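What follows is subunit A paired twice: with subunit B in the first complex and subunit C in the second.
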Partner chain A sequence: MRSVAVVGTGQTKHARRRDDVSQAELVREAADAALADADMCAEDIEAVLIGNMELFEGRGLPELWVGGGAYGTGKPVMKVATGGTSGTSTAIAAFHQVGSGLFDRVLAVGFEKHSEGHTQTGMALTDPFWDRAVASGALGNFALSVSQYVAAGHATEDQAALVAVKARRNAARNPHAHLQMPDLTVDEVLASKMLAHPLRMLDMCPQSDGAAAIIVASDAVAREHNPRPAWVKATATRHDQCYIGDLDRRLLSMRTLRDASAHAYTQAGITDPVRDLDVAEIYEPCTYAELAWYEALGFCEAGEAGRLVEKGVTSMTGALPVNPSGGVLSTNPVGASGVIRVAEAACQIHGRAGQRQVERADLALATGYGVYAWADVVVLGSEP
Partner chain B sequence: MSTPDLAPLGVAGVGRSGPRISDPRSIPEIVLEAVESALADATCGYDDVDAVVTASVDLFDGLTASNIAVTEVVGAVMRPETRIAGDGLLAAIHAACQLWAGAYETVLVVAHSKPSMAPADLTPWAMDPIHLQPLGASFTACAGLQARVLTLDDPDAEGRWAERAARLSTLAGRPTSPAEVSASSVVASPLRERMRAPLADGAYAAVLSRGEASVLLRGAGHDLCAHSPGDRDLRHWDGLTRAAGRAYAVAGIDDPADAFGCVEPACLYPHEEDLFTAATGTGPDTPVSPTGGLFGGAVPVGAGLSRLVEATRALRAEPSLRRVLAHGTWGPAGQGQALTILEAA
Partner chain C sequence: MIRTESIHIPFTYAAGGTSSIFLAALRDEARILATPCPACDTVICPARSSCPACGGPTATPVDVGPAGTLVSWTELADGTTLALVRLDGADTSLVHRLAGGDGTWVAGQRLRARFGESRTGAITDIVGFESENGAGR
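Presenting the complex of A and B:
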């Protein structure tokens, strides 16, 4: 594939409700920000990809209405929808479309406006014969998987609470982030409402209204739009079986993320991710998931993830800062959340991350998680 | 944007399940049949496929992330899968992009829908919820509006459309007379029930590759028009003109009037064939939908990919056709448009 890069990023202000804008206007807000960041005008964009989970808003084919908001009118437009990985899959699709040679400049935008729908109802529309009555929605699924993870001795609730504190304190440096809890403590996390054992309220991600956009450019034009493009070094996607009974010990094995990251690391020449990567933006729907992802991503051995966070290895000043943005635990407009991961990773390479900028970012990781343990992995770098 | 010089891709295999007006099987069972037939046609197995691009629409399936239902039968377990939530021809175009990018060597494309599960027309939920849905707008209503606009300059249109619908239905194996079409009930004036291709359940699959094949994919293009019919000139499918221009540039076609042995438009209604012909610039002597097009059964989401399957079969059976255009459209009054250009090797 010819070299492609992320040359612009843009995000809305994310919040529980964005009653001030329609879905199309929300998308426009992110698109405008990305265009400005890349010093482009809308006419420069040749094609548009949209990521969204339409049933969360109770809609169908929302790109028909929202496409104009993404400056897609009169242009090639497609929508990608793969659950939580919608955003990262949309970004990867944009990489492939630019990589194909068909386009030099593509806008990829993800959005969700949960406040206009009912997310749990949308998530409950699973297999009507087997899954719908027993394991629908994020919370129930994660409670089962996390229980196995904890029972196997891989994490304690104190260690999970440290992840919650890290995320929300990082988010306080991110002006786009939904949750702003700069003074959150472990005790407050442990005192928050139990939702489904062992998951408490502050272990979980919020539901956010928001949109995020990236502009992907070919090697022929990338430096016209950004002096330090974020080059795509590797991508990988893995999907898995859908029935929870077929994926026993899901969080413990997480074979999709293990396989996808191994594949991506090989492409990008990464042999020791903690040493080689400068920053990571991972899609962690709950605190325990972040710890499980550390293991799957090769940041540590099995059962060592808790100690990684205790030692501060993944804090802003650690060897590998994870989620300087505050992550999904602080902001979660589902169709946008994966785009946010890629945008935040790119932003770090661009050196435009403001107060959440890590000291030196030449190699950045972004991941997506969705549906039944589906995984996307993206590696961006400062060199093609 | 410069015109890219892209290598032809092989259409190594195609398959389908249906179309059937009401298939009693589950979605995975329907999709499995299409996938297995495409893989058999390509003389390959699941292990020979590097990645999958599926097409489905959650609202139509009543399932969130409705590709979950088919992950196993399309062979996407522990493999890359991209789900395009739109017409199946878009999935084929994205698969072509993956291949042109060199990301994969072989990609399986699958599209499905089962409209018999839905109790009523769901398309109002795909209309602008602020300005259009409250007015009762739907894809059917917008098709009627577009047809009505066309009759303003063409008072003989309705009779011609009745003849065309009868011809297409007959070609598709349902002998029908123009009088029967004209006597059928009005669904969205001036469109009548038997002017509409029958909705059907089904799935379509294609194996695309960077290798050689008897049928080659030479060009592709797609486009999205303004959403509101009030923001468009409904006398034309401008989006298809733009999509065709992009595809012709890739395929090196300068004179579309003489370029195709036949064309396979995804027209739900006969008036759309007029719009298609004008927008693509295909000649008046070019055969259109020789096997009846969507009048054999229109599978939502699958419709565009069904035309690619049909075009591939036509080129294999009759290589002298040289080149066939396969088309897909979705949304109100042809808002979304896609086409691919296939050639005999």
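Presenting the complex of A and C:
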């Protein structure tokens, strides 16, 4: 595959409600920001990819209703769907479209307007025979695996609360973030409402309205449009079994993310991720998941993730800042969340992350998470 | 301008051949069936036509449970429980609910399926799982 880079990123202001814009206008807001960042105009874009969680809004065929908003009229337009990983998969599909030589300039945009739908209903539309009859959507599903993770001694509620505090404090330096809580404390997290044992309100991601876009370009175009392109060093995606009873140690093993990251690290020449990576934007649906991902991503040995966050290794001033943006815990328009991870990682390489910029970002990781059924891993670098 | 409405979506959904046998056995005989995978040497519950791990065809269904072991559980804010139960004879877990008791459950404890009186061919023909020594613990 030829060299491919992210040359522009754009995000809307993410919020609980964006009643001021339609879905198409929300997508347009992110697309315009990304085009401006890449110093391109809409006519330069040859193909458009769209990420969205169908049924989280009250209408089908999102690619139809927002295609024009994404400047897709007269161009190849399609939606990429892999559950919560849709956003990262959309970005990866764009990398392949450009890497294969099919196009030189592709716009990938993800969006969600949770406020316009009924997310709980969308999440409950699982298999009617096995899941829907007894389970009640994502929260119970998370809680089952999290309680197992806690029972195995891999994390305490205090360590999980530290993740919640880190995320919301980081988000306070990100102008796009939904939940900005610069003064949040561990005690406040522990005092928040218990939703499904052991998950509390502030352990969980919010539901946001928002969109994010990236411009993906081939080698020569990338050098013209960004002084410091974010080159695609590696991508990997993994799918796994859907029935949660079939893989009942999911958070403890998280083999999708473990396999995908091992494959991506090999491609990118990463042998010690904490040492080699400069920043990571990981898709963490809840605090405990971030800790479990540290293990699956090889940031630490099994059971050591809590100590990693206690020592501040993944804070803004640590050896490997994780989620300077505030992560999914602070902003979660699901169809956009994966694109946001890639956009934030690219933005760090570009050196355009403002107050959330880490020092010397030459190698950045972005991940996506689609319940336990998908994991995506992307590595971006300052050199092709 | 903001428009508010709701949609009712009627649908049907086929369980497929092997899972239909599982659901009929549950309804008619209060038996829980699982399918062995000859390639993986594992027994998969609920019974399915192909192995979720290797994708290969499964063998003739066998009986598992009705007793088993609690693998993991949670309680939601509305008081409902959600549990993974490893039935005796099975190598995968069933996603279900816990029934009765005082709400104190411990991973590893022994459970037994409680079947409903009038059964319809649904996983909820098992009302839930109770402590093997009677309701709760």
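Simple rule for what comes next: the second predicted complex is superposed on the first by the 382 of 384 C-alpha atoms of A that agree within 3 Å, B and C clash if a C-alpha of one lies under 4 Å from a C-alpha of the other, contacts with A are read in each partner's own complex, and residues count from 1 in each chain.
The rule is short, and it goes like this: a residue touches a chain if its C-beta (ideal position, glycine included) is under 8 Å from a C-beta of that chain, and two chains touch if they have at least 3 such contacts.
Just so it is clear, the model here is predicted, and its values are computed rather than measured.
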Partner chain(s) touched by A:88 [first = subunit B, second = subunit C, both, neither]: neither
First (subunit B), second (subunit C), both or neither touched by A:68: first
First, second, both or neither for A:174, with subunit B first and subunit C second: neither
Touching partner for A:58 - first (subunit B), second (subunit C), both, neither: both
Larger contact residue set on subunit A - subunit B or subunit C: B
Partner chain(s) touched by A:159 [first = subunit B, second = subunit C, both, neither]: neither
Which of subunit B and subunit C A:245 touches, first, second, both or neither: second
Which superposed partner A:139 touches (first subunit B, second subunit C, both, neither): second
Touched partner set for A:315, first subunit B, second subunit C, both or neither: neither
Partner chain(s) touched by A:103 [first = subunit B, second = subunit C, both, neither]: first
On subunit A, positions contacted by subunit B and by subunit C: 58, 241-242
Residues of subunit A that touch subunit C when the two form their complex: 19, 58, 128-131, 133-136, 139-141, 143-148, 151, 193-197, 241-246, 248
Residue ranges of subunit A in contact with subunit B within the complex: 1-2, 22, 46, 48, 53-56, 58-65, 67-68, 72-83, 89, 92-93, 95-97, 99-104, 122-127, 235-242, 255-256, 259, 370-372
Subunit A contact footprint on subunit B (complex, rising order): 1, 4-6, 51, 57-60, 62-65, 67-69, 71-72, 76-86, 90, 93-94, 96-103, 122-123, 125-130, 221-227, 238-239, 242-243, 246, 250, 330-332, 335-336
Subunit C residues within the subunit A interface of the complex: 2, 5-7, 13, 15, 19, 23, 44-46, 52-53, 71-77, 80, 82-84, 86, 92-97, 107, 122-124
